Amino acid sequence: MVLVLSPEAPEYKIADLVQRLEADGFAALLNRNGEETILCLIGDTGNLDPDELAESNDIVASARRIQEPYKAVNRRVHPQATLVQAGNTFIGEGRFTVISGPCSVESREQILEVAKSVKASGAAVLRGGVFKPRTSPYSFQGLQEEGLAMLLEAKQETGLPVVTEIMNQTQLSLMDYIDMIQIGARNMQNFDLLREVGKSDKPVLLKRGLANTIEELLMSAEYILSEGNQQVILCERGIRTFETMTRNTLDLSAVPLLKEKTHLPVIVDPSHAAGIRRLVAPLSKAAIAVGADGLMVETSSNPSEALSDGKQSLDLKQFEALMIDIRKRAEFEGKLI
Amino acid sequence: MVLVLSPEAPEYKIADLVQRLEADGFAALLNRNGEETILCLIGDTGNLDPDELAESNDIVASARRIQEPYKAVNRRVHPQATLVQAGNTFIGEGRFTVISGPCSVESREQILEVAKSVKASGAAVLRGGVFKPRTSPYSFQGLQEEGLAMLLEAKQETGLPVVTEIMNQTQLSLMDYIDMIQIGARNMQNFDLLREVGKSDKPVLLKRGLANTIEELLMSAEYILSEGNQQVILCERGIRTFETMTRNTLDLSAVPLLKEKTHLPVIVDPSHAAGIRRLVAPLSKAAIAVGADGLMVETSSNPSEALSDGKQSLDLKQFEALMIDIRKRAEFEGKLI
Amino acid sequence: MVLVLSPEAPEYKIADLVQRLEADGFAALLNRNGEETILCLIGDTGNLDPDELAESNDIVASARRIQEPYKAVNRRVHPQATLVQAGNTFIGEGRFTVISGPCSVESREQILEVAKSVKASGAAVLRGGVFKPRTSPYSFQGLQEEGLAMLLEAKQETGLPVVTEIMNQTQLSLMDYIDMIQIGARNMQNFDLLREVGKSDKPVLLKRGLANTIEELLMSAEYILSEGNQQVILCERGIRTFETMTRNTLDLSAVPLLKEKTHLPVIVDPSHAAGIRRLVAPLSKAAIAVGADGLMVETSSNPSEALSDGKQSLDLKQFEALMIDIRKRAEFEGKLI
Amino acid sequence: MVLVLSPEAPEYKIADLVQRLEADGFAALLNRNGEETILCLIGDTGNLDPDELAESNDIVASARRIQEPYKAVNRRVHPQATLVQAGNTFIGEGRFTVISGPCSVESREQILEVAKSVKASGAAVLRGGVFKPRTSPYSFQGLQEEGLAMLLEAKQETGLPVVTEIMNQTQLSLMDYIDMIQIGARNMQNFDLLREVGKSDKPVLLKRGLANTIEELLMSAEYILSEGNQQVILCERGIRTFETMTRNTLDLSAVPLLKEKTHLPVIVDPSHAAGIRRLVAPLSKAAIAVGADGLMVETSSNPSEALSDGKQSLDLKQFEALMIDIRKRAEFEGKLI
């Protein structure tokens, strides 16, 4: 249930109301978005009467039920779009942010070269995997802590905020100097990990699972927000279907649906979805046109020799060309880039 | 196998070569596209040596194998894009064509009203179903021949070429005054029907089946072209996946893949894919950005009372607004509209 | 809506009731199954009151609404299991019927050899394709009418009833001496074809489409029954999923669900589902255990040289061994074989 | 690559060979299965010549390449079936083991009642969830450590070995008195968790992910075996498809395929696959017929009031009836139960 509080409600009365509701066994999430103060009540609200609640509490302007199972991420609870801040970069409605970098950090030279180049081309955030989830235990598993140090050096050199994937909750302490934590598709329903990043104050980039519905993606984001962390970006990266010509099927319909249902930013990863370099540019164009708030694009200084996912990475020249085009499109759409 | 013939090859020598190859049991499809004359050889070419063929026939400039199972639709056989002509409208590369109209023709007044309105808004082709494939035998099955007459009246009134769906080969004779025949998703692998429309000279709009791969769509088009009819448009309209928030999952990656693999025009139907009116505009924008040659959009004079698919139809005002936006985007992409 | 008529209702009163209901715009399907006479009313019954109908008609013992969109195939309308008769063979509850034969009829010798062998092993119906739906127009398309004659010769030689696939309604007249008509997976929603075989008096073997739900399969059967033909067998043959190790994913859960929802017989085709010979025996065992009324198994005199689907066909010895095992299992399940 | 060692190879020579291969950068897994001693070499073996290896090492009887990406789980490496031991229960080829119990441990009384009842009916292992992966953060999350204590009390009372799901690696220390650790479908590709249980000596029940292929399931098992733990059971529990009448589509073809490709035991969970109580019995029958080594069936003392998954749970009487039937079928199949 959602309680819209009156604009003049004094803080002590709000605190008192929250306390009473929590004493009744509810969780009470407080959202202040400029004009409105909204209290989102979670728990078995079946016996509560919204009208009675509004009448009997002078600071409650109105109350209504939320049918959807997701509450804190729900745009009906929190109509104003959330801006997520990674370093000095803001991601969200009205902007178009491009995250780029190699699939894996492979060496100091590689990540520095790529970082400088994608920054020059216009990327706003640097990506680079150091803990890699691989189908085979015998595949390259990432450079681990050593790679993390290289990624942070690239951050320092370029000033770009950095995002990298976390594989389990024990790695959280390693992420201190990272600007945004990525939860990969395979971990989208690793609920304990979601809860742990929910307790941190780092922005989280949450990727949709290969076989997860749009509603399940929202519910996984709800795990993070329900622990207090409101800085979450959702990422559509393709789902598993019968089609074999692409690695996954990019579900671009998910973008406007997510934008409608949640206040969180939504970005698109065309590289992992398609698994084919030639499709990255057309799918990026489609992503901006369909309403996405940004892109995550794999770029490699040497795609043909990359230790992972080279087939889908743009080389530095291709990324530069893509960004020239994307900038024109962002302008066309009236978005800051 | 593909034989590129020398530009100076005299007709009688070409005819002679074709005859000899057919006598050896091959089918020989001749493509002339401006600069090049290409002979596509179909059958068990395993024992033929391309080099020997080129050397021993003075009119064969070069010869090479085509690995893909699709030959006549293959862009490697026929590099130049095909323009399909429906009435006075041309559909294909460099253009962006919008087909619009109601799911079903329901009355004379309805189809006339919609036809005039979508024409004014900028639609180039009028759609309207008269033979309707419905999951239930008890649902509205279309107005049949009576509806066809109404559709043709709308054609006459507006001058718009018309497209309607065929359900079986016995209806082919009814299609004389129709400008383009649609093969629906459920009939994409109705091979006998494909062959029959392949023998006609009507342009064919072939929709991808709900569970058919991109390669199977190309193979179904191959059925039509192999019978002689080269006027085929492919239409991506969503595939069946586990996601339930949309009716189907629009596979926009299919568009650049199809454009790469075939010379045939490729359009997108966002209405049937999404099954939700609100998604039609964002998916239309994505379709033009991803490289489609056109759209098929359902429009209704009264969506809330339509006898079929009202939930996904734009009303006439919404379609007008969409077309204003689409025109700007076509200009941005450098496409004729 | 379903009207249960009183056992003593005289024929003239039933005819009168049917006439009145049809005059009101309903279709009225009459089912007599031994003890009960049931009248199934189809159309917009929203304004009818079941209780009033029962009270105001002395021959109506009771009336109730049927929520499901399928009526004539619905087990709640027609609780008694339907037995389908092909030649002298009965297929349905309490029995286990094995249909076998080659994917395609390839020659007189081949079909005769296979027919005799599968009969000796215990098959009750002979299958053999003569009109073949193939993804490529350049693949073997079946021996057509010539193959049909060979199939009928095999019928005469062995006494086995025969089943073959129909591709379009113009072939219906060719099926006079065929005992059962197969509608293939790709034609499951070829509604005009369903209607045509619904008007014939031939038993129909209806295969589930690759991407069709269980409910859609029931609705396609409804098309046939609504035209008068009650002799329909449903066949589960695998659906399209992301798994690539099998050609399709055999959905054995569909069998008990279908048996619960409809009175029609349900059989399983493990050969097309798996696409792998080694899986035919285990999946056949699972099919009988899960409650299927029979099997359709591809058998070949020479699998390695078959013109189609050899990879999934059992050879004659393997089929013989399978039947020895299946017979024991049918006995275990208490089914006639 | 697989090296078959000669039966007389002395230990010191084996140790010496392993050391040399590891020095060359390979991982060397040693399998001793009664008759044979097999050394499985993992790493980039492209430059090794199997014949040369066999000739130049007198203790190597033969050597051959393994094409599949899975090595330690591969039946070609380890032809003899693995028996997994949980408490006094052995699970694997030639046996049929039924694991049963509630979805969640809900109270001391509940788990004791269910445990005693399923033991009396013939279950060999008790299941009960205490850490529950739930789509919503607001759903019942299990009784956690408290539930674990109840489960262990039920173990002590009945003597049944117990299995429960682990959610993250920090819970491993809590599992000391648990007989088998379950990795749920959502964690099938939580590679860090796989590695951690691979270092433990507890048997692991690994469930197939909703959208994971058979090969990916084998690769996830490979993660566990590659760390040293050979006691792994694979569990087919349904995959995500477009069909909505069942919660998931049980892929029974996976059972014979897995049995062919790996030496690990394979069981089936019909409860989670179907999500419908009525389908549990027919799917259990199909599972034993198709060659599974056991079942995991949800049983509840009060399905209509269960805190999770009541809709799919058998009540205690239904489970008793199922076990009577299953025992007859195990006898029919010649399997110990």
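Just so it is clear, A, B, C and D label the chains in written order, and each chain counts residues from 1 on its own.
Note that a contact is a pair of C-beta atoms (placed from the backbone, for glycine too) under 8 Å apart; a residue touches a chain by one contact, two chains touch by 3 or more.
These figures come from a predicted structure and were not determined experimentally.
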Q) B-C versus A-C: which has more C-beta pairs touching? A) B-C
Q | Computed distance of Cα centres, subunit C from subunit A, in Å | A | 50
Q.
I'd like to verify one number: the distance from the centre of subunit A to the centre of subunit B, where each centre is the average of its C-alpha atoms, in whole angstrom.
A. 38
**Q.** Distance between chain centroids, defined by C-alpha means - subunit B, subunit C (Å)
**A.** 34
Q: Could you check subunit A for residues that touch two or more other chains and list them?
A: 211, 240-242, 244
Q. For the protein chains shown, what form does their contact graph take: line, ring, star, complete or other?
A. complete
Q | Residue ranges of subunit A touching subunit B (in the complex, touch as defined) | A | 211, 213-215, 239, 241-246, 249-257, 260, 273-274, 278-279, 282-283, 285-291, 329, 332
Q) Which of the residues in subunit A end up touching subunit D in this complex? A) 27, 42-43, 69, 71, 133-138, 167-170, 186-187, 189-193, 195, 209-211, 216, 219, 222-223, 226, 240
(Q) For the complex, give me every residue of subunit C touching subunit A. (A) 211, 240-242, 244
